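Working notes, beginning with the structure itself.
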Amino acid sequence: MTTPRFRSEEVPLDAFYDDLSTAHLQPLWELHGLITPTPRVRAVPYRWRADDLAKLGRRAGELVPVDRGGDRRVLAMSNPGLDGAPFISGTLWAAVQYLQPQESAPAHRHTPAALRFVLDGHGVYTQVDGDAVGMSRGDLVLTPSWTFHEHHNPGDVPMMWLDILDLPVVAALDAVFFEPGPAEEASYSQAPRSTAELRWGAGAGLAPADTGGLPQHSPLLVYRWKHTDAALDALLEAQQTTDVVLRFRDPARGGDVMPTMRCEMRRLLPGAVTTTDRQTGTRVSAVLDGHGVVELGGTSFDLAAGDVFVVPSWCTHRLRAQSRMDVFTTSDSPVLEALGLHRREQVAA
Amino acid sequence: MTTPRFRSEEVPLDAFYDDLSTAHLQPLWELHGLITPTPRVRAVPYRWRADDLAKLGRRAGELVPVDRGGDRRVLAMSNPGLDGAPFISGTLWAAVQYLQPQESAPAHRHTPAALRFVLDGHGVYTQVDGDAVGMSRGDLVLTPSWTFHEHHNPGDVPMMWLDILDLPVVAALDAVFFEPGPAEEASYSQAPRSTAELRWGAGAGLAPADTGGLPQHSPLLVYRWKHTDAALDALLEAQQTTDVVLRFRDPARGGDVMPTMRCEMRRLLPGAVTTTDRQTGTRVSAVLDGHGVVELGGTSFDLAAGDVFVVPSWCTHRLRAQSRMDVFTTSDSPVLEALGLHRREQVAA
Amino acid sequence: MTTPRFRSEEVPLDAFYDDLSTAHLQPLWELHGLITPTPRVRAVPYRWRADDLAKLGRRAGELVPVDRGGDRRVLAMSNPGLDGAPFISGTLWAAVQYLQPQESAPAHRHTPAALRFVLDGHGVYTQVDGDAVGMSRGDLVLTPSWTFHEHHNPGDVPMMWLDILDLPVVAALDAVFFEPGPAEEASYSQAPRSTAELRWGAGAGLAPADTGGLPQHSPLLVYRWKHTDAALDALLEAQQTTDVVLRFRDPARGGDVMPTMRCEMRRLLPGAVTTTDRQTGTRVSAVLDGHGVVELGGTSFDLAAGDVFVVPSWCTHRLRAQSRMDVFTTSDSPVLEALGLHRREQVAA
Amino acid sequence: MTTPRFRSEEVPLDAFYDDLSTAHLQPLWELHGLITPTPRVRAVPYRWRADDLAKLGRRAGELVPVDRGGDRRVLAMSNPGLDGAPFISGTLWAAVQYLQPQESAPAHRHTPAALRFVLDGHGVYTQVDGDAVGMSRGDLVLTPSWTFHEHHNPGDVPMMWLDILDLPVVAALDAVFFEPGPAEEASYSQAPRSTAELRWGAGAGLAPADTGGLPQHSPLLVYRWKHTDAALDALLEAQQTTDVVLRFRDPARGGDVMPTMRCEMRRLLPGAVTTTDRQTGTRVSAVLDGHGVVELGGTSFDLAAGDVFVVPSWCTHRLRAQSRMDVFTTSDSPVLEALGLHRREQVAA
């Protein structure tokens, strides 16, 4: 963010620049350094391998306890372009969270919104404002802004999942608030369906007549893989293509699941290749199943189940499926759309 | 709509009234006749028995062919208060439609919107703008304003269902348009799921990322009983009450299924009694299952499966279930809400 | 609304038809009578002359008192096609209201919404929910649904203005409610600007930061001719045409002034001729200034200042200005748009 | 953003931490450093004096030319808490821009949106996508995201004004795009009113019937002081208080002028003291007229006409007027509201 300063042989500007500095003013004769022709993105394209995430998650589980001295056992994906900041891009946080059998991550809430996507395993219950949601492979679980949430693993095997938060956006807006939950252990239901699912999840277009006061996010807190999987197949049948994209929506109003994050699931049939596109804002993707290749800018990354990759703003993106491949993607597109900053374009391959 | 005219002993007004009449003006010194303290509703509460509808539908099927000389085989419920007009109230049309095996009701479209609710039987396909929707007991099928629709019975048993249209509203607004479909017989798919279901019906909050241009109605054209039934049970479980109401919604935006009609399904457990309420606008209800009593104004009607009843505007309404009872209701509430005319109140029993 | 019934030589249908009648069912084998290719509109195009309205209004003022025995002194324009109903079309009511010096029309409220447009004169105060609005030539005054309103003429000359109500729509929806105001005479401010104007009328895009709870209509209750006139000139300058149309809007949300009625003012320069168009729904127009001709369907009506005319649904409409002409128009277009029934098309002249 | 790492005597974690680093993962056992109880805001409250801005602006005008080698002559207010970044807070940019007689700042466009508020002087024309807007004291001029804009001073006196941009937000979202305008000098109208004003600015609630395709910002590009001043007086009269706040709105839809910035003008009568409040997001205020004191957090700043001050996120704010005082404020509240992050609370003084 250094801006070239005007220099003149004839005019001695140093005294003037000193006076400006004293007055907390900065001379900016050119905006080129600040306002660039295209986004100057520090985050770089990158892929984290499933194997590394699994192994290192397991080691964290063995080495580091989760207790009141440390709320969460989390390994944050740190974008190589961000000089060690624990963010996957300038706008999103992504991490794996690991919970041993009989462990709990205690309740707290914060204004950054989070979602959990389960790449493997099952058995953990995430309780959201008192509503317990069992988590299984392929499920998408929401813990929206300022909802109390806690994780419990009542089973006898460890479980790991993907966390994505809008933390960098909320931090950039100076709007981070945090509150710990009550000190005592929560009891929670282990019912197969959460109350959110009973009320909002029974079927497309079916919901209570009396919705009460709706929050600024989806009242449906979990999207089950069983339904997502079936919906992807139905979409393939309806569209007769080899590549379909399903969007997770607020069933009460039809918009995105949360005001800051969009969630989509893509299914590619073997051999399918997407167009090359780029868009403003970050996309974080995780391969649920299958293998293939993603081209991000000039770099190709091979992909296998459990891999996670980041597509920085305005970086070109193209997927090739070598088997049937299911790819979950979270983006900050709702933010860019709300602020009139969303751009997307196809790029000649 | 007669308005009492001002009369004076001293002033001869007849000549003045004549001159007004010539000028197509009407003197109105009082608005009491036109603008009444509460709605002056001509439609009366009434219940049509399932038996009558079934028997007379069958006789219509035997006696009257459906062909190009007669588009539809329809028996319209004519409200006893409306002097023979074929409307169930001042704003809604309700009818039973009967189709013999191998019969078709040919394609046409009109600006009045229609919905079909299946009280019994199965086997007919309703094709909506090219999308074939198989119909079964408990299904709600939409044929929205200005969509081409046609009915085909490829099976070997007759089928009858309930039609509800907003025709009186559209007629009152002088906005009725009609267009016949192509003369030749349509071919249609007999696939178990329509394209609308494949795209929009796979699960709550699951829909294509690319929605295309959305129409001014739900893109999901059919709500299956299997899902509705399960959603009612889930709602009972979530709410722990004996009386739940589910609303059918546009899955793309969360609003009502069509801009003129709201659809809801109520499930009452045995012995449940609703509060007494009244609201502006018409409600047309049909009992899918169970039996009980409805009190409308001062009159009680016993109810059995297949019965249809009308609740006129501002008439009090109370349901008592003598068994588990499922009641489907269509209302014009979206119209009244959009125009700022919706009122609803609880009434002391 | 007579529907041709199916007749057969071989099959005796009379007994069947009798049984249907007993069961309050009507056989409808064809929908052609009910659902017509284009709207079957009973209202006809018509023009009321300013002279007639003025003379007959004055006579009403002389002959008939306004007092508690008669709330309003109103001459309703009765469309010649509506068999004596006091409505200017199937959806709108239009009338002239006349108030003698020192007379008051007492407070009441009703769900039908009303607007007042002043074709001539000044001096009356219309008080809307406690907010007094002075009325002058060219002003548009709103008395929205369920707001108390009363008219006072504190001056020494009579005043007459145009009333337009959505009464037929509200009546068709069985949603008419009425309530008289308090019996005692209201006191009212004769300030030059109403509170509504002070809060919402100071300038385009300028409004209180704290809007309180907004009603389902424009919080600005009066649109002053001085501003409308200037806005028309500005629009002519911006568009460099001879024909501009200004819409009166809710300054809080930008929509129509009321959920049932759209208000617009058109200015045509001498010689200007509009395209020929038609649209669903009724338009009621009043000439504020100038003269010209309107062609409605196949009929031409010459127009002078103070004339009122009605354009029934789907009737073609074309204006020719013989001088600079200002035409105020109210329509029910917001109703048709909300319900998905709005159609408009250009017609070859 | 340093996070305390778990440390154990018994377990050697260094090797594990090395492996994490290699895999671009960061261990985060506690979120306390990242997710704080209240916002950890680097920007501090500060006030720039009118005198300094005026003097230094003038010196910049004397010393530094505006030409193609330097697009703008701008002194950016650099928040003392931001380590030299040229931003007034983490989310907003504020600067004074100075233009000599006969100078022009050439056309360009960028995705960051800007507004111009004139604290003194007149004579410059800002051309926005071809529409020339003359600027005078008290005027608010919009140059929304991606609109071409250029500034021309055809007069014979210099002019300086306040620029506010959402640049830090757009940069944080990696969505900055820039495009220079055509190389040749633009010709521009010096008409007293822009086309935007002719179409949208003629009066409250008055706008073209045909709005064309509306942009994602107010189509009214300038709010004139004459109208703002009158609206403030009207609001004082309506509310009978000593402190009123007017919001600048999009006249087409009633929302904020741009999706990222809210603009308001406050008028305090002599002696008025506001409540103490705080809210998420930045407020940048400028005193147009009068003098008083602002308390920001624990610090008081005296205020005079032309002073600019910043209220960082969650910093308490209280104004005291020692004369009639008009204060213009821009905030990023629309961003926080759209994302569900807006909080505001009164604080005991």
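The first chain written gets the first letter, and so on, giving A, B, C and D; residue counts start at 1 in each chain.
Criterion: contacts are C-beta pairs under 8 Å (C-beta built on N, C-alpha and C of every residue); 3 or more make two chains touch, one makes a residue touch a chain.
Bear in mind the structure is a predicted one, so any value in this text is a computation, not a measurement.
Trainee: As a test of understanding: of all chains, whose mean C-alpha position lies farthest from that of chain D?
Mentor: Here the answer is chain B, farthest from chain D.
Trainee: Have a look at A-B versus A-D and report the one with more C-beta pairs in contact.
Mentor: A-D
Trainee: Hey, what angle do you get rotating chain B onto chain D on C-alpha, to the nearest 5 degrees?
Mentor: 180
Trainee: What is the distance, in whole Å, between the centres of chain B and chain D, each centre taken as the mean of its C-alpha atoms?
Mentor: 53
Trainee: Quick one: chain A and chain D, Cα centre-to-centre, how many Å?
Mentor: Distance between chain centres: 30 Å.
Trainee: Measuring from the mean C-alpha position of chain A to the mean C-alpha position of chain B, what distance in angstrom results?
Mentor: The computed centroid separation for chain A versus chain B comes out at 44 Å.
Trainee: Using the definition of touching given at the top, classify the network of chains in this structure as line, ring, star, complete or other.
Mentor: Here the contact pattern is a ring, one closed loop where every chain has two partners.
Trainee: Which of the chains are touching one another, listed as pairs?
Mentor: Inter-chain contacts occur between A-B, A-D, B-C, C-D.
Trainee: Considering only the defined contacts, which chain D positions touch chain C in the complex?
Mentor: Spelled out, the residues of chain D in touch with chain C are 193, 195, 197-210, 218, 220, 223-224, 227-228, 230-231, 234-235, 237-239, 244-254, 257, 264.
Trainee: Give every residue of chain A touching chain D within the complex, in rising order.
Mentor: Going through chain A, the ones touching chain D are 1, 3, 6, 8, 11, 13, 16, 19-20, 23-32, 34-41, 43, 46, 48, 52-53, 56, 59-60, 63-64, 66, 69-80, 84-86, 89-91, 95, 110-113, 144-145, 167-179, 216-217, 258-260, 280-282, 312-314, 332, 335-336, 338-341, 343.
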